[in-house]
């Protein structure tokens, strides 16, 4: 029962990634694309943690931490480039 | 897994197409980095064995039966080196692009007709 | 479950790669190539290679994007304008 | 123990619904600033609920998951703030129906009004 609930939650999160990706393809300005990238990465962190739960390895959560840190630094770097040229 | 191989080859083809048809120097370098990602994906998916887990021995893997439970770690190690070398090659190509732009004030590859400058 | 996740992210990667080649704005193409690396690192986790996933997320997505942006800043300074749009 | 897993699963489904609503907000809102509100606040709440649901279903991992939640809570508002400043500096216009632009007023040296 509980496992089916987690499967449903992961499927909804996958749908969320796909919907946010449409804005990345569509957005008129690079700022829109960075906003879509930010939303996609936070949703992907949830999917990585769900994969760690299904596969039963705690080591995958460390990857999620590195992913969060690096995506934050990337977003800050692109925003600084847009604002005053890095 | 076969699916990873298919995605990797699709990325390689898209990267080759981009490198051959675009005329902007930075677009060519982006095509090269897409080819790089595709090759890494192919090598990692060749080393994957279905139903097995990551080759890191902790509480979740039995030490005595570890050889029967983990995937092949050699392709992972090779790709780990290849990623870092790919970054170095990308940085070198960008350095050449900046130098060429400083010389002729153009990013179009059709403007560079000499064999040396 | 992991087969479906790999299929969805693979299709997204292919679309992002085609967009990165087609786009006329260089900054958008650089963002798209960063998205390709981030999605590839999730596929590496599902292919049981967490060390490769960590390295790809740190170097392929973070450092490569920063190196591209640095080169673009150099080129814009040499050109003398602030825009990042370059004709393909 | 079975009840805890059930509660965790329900919490994860609620968090995933919040993530989906955030994605729909990213694609439906009229301009960059509204998209940023939807894409940062709702994803923060959704991912916190999702991760806490997994942590309740597997209590051994609760320490690492709490660390990840703390990390998301610290970094997500900062990236939203930096992006909003960059969009404003770039000169992207507000959507129709916006009533007040406090950052422009502050840069123009206008007194009062915006807190």
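As written, the chain order gives the labels A, B, C and D, with residue 1 at the start of each chain.
The definition used in the following text is that a residue touches a chain if its C-beta (ideal position, glycine included) is under 8 Å from a C-beta of that chain, and two chains touch if they have at least 3 such contacts.
Treat the numbers as computed from the prediction; the structure is a model and nothing was measured.
The interface with the greater number of C-beta contacts, when A-C is set against B-C, is B-C.
Annotation: 12 Å between the Cα-based centres of chain A and chain D.
Chain centres here are Cα means. That of chain A falls 21 Å from that of chain B.
Counting only residues that touch two or more partner chains, chain A has 10, 17, 34, 55, 57-60, 62, 82.
Residue positions of chain D in touch with at least two other chains are not found. Multi-chain contact residues, meaning those touching two or more other chains, occur in chain B at positions 53-54, 56. By the document's touch criterion, interfaces exist between A-B, A-C, A-D, B-C. The residues of chain C lying in touch with chain B in their complex are 3, 6-7, 10, 13-14, 17-18, 20-21, 26, 29-30, 33, 36-37, 40, 43-44, 47-52, 55-56, 59-60, 63-64, 67-68, 70-72, 74-75, 78-79, 86-88. Across the complex, chain A is touched by residues 1-2, 4-5, 8-9, 12, 15-16, 19, 25, 27-28, 31-32, 34-35, 38-39, 41-42, 45-46, 50, 53-54, 57-58, 61-62, 65-66, 69-70, 72-73, 76-77, 82, 84 of chain C.
Across the interface of their complex, chain B is touched by residues 55-60 of chain A.
Within the complex formed with chain C, the chain A residues making contact are 7, 10, 14, 17-18, 21, 24-25, 30, 33-34, 37, 40-41, 44, 47-48, 51, 54-55, 57, 59-60, 62-63, 66-67, 70-71, 73-74, 77-78, 81-82, 85-86. Residues of chain D that touch chain A in their complex: 2, 5-6, 8-10, 12-13, 15-17, 19-20, 22-24, 26-27, 32, 35-36, 39-40, 43-44, 46-47, 50-51, 53-54, 57-58, 60-61, 64-65, 67-68, 71-72, 75-76, 78-80, 82-83, 85-87, 89-90, 92.
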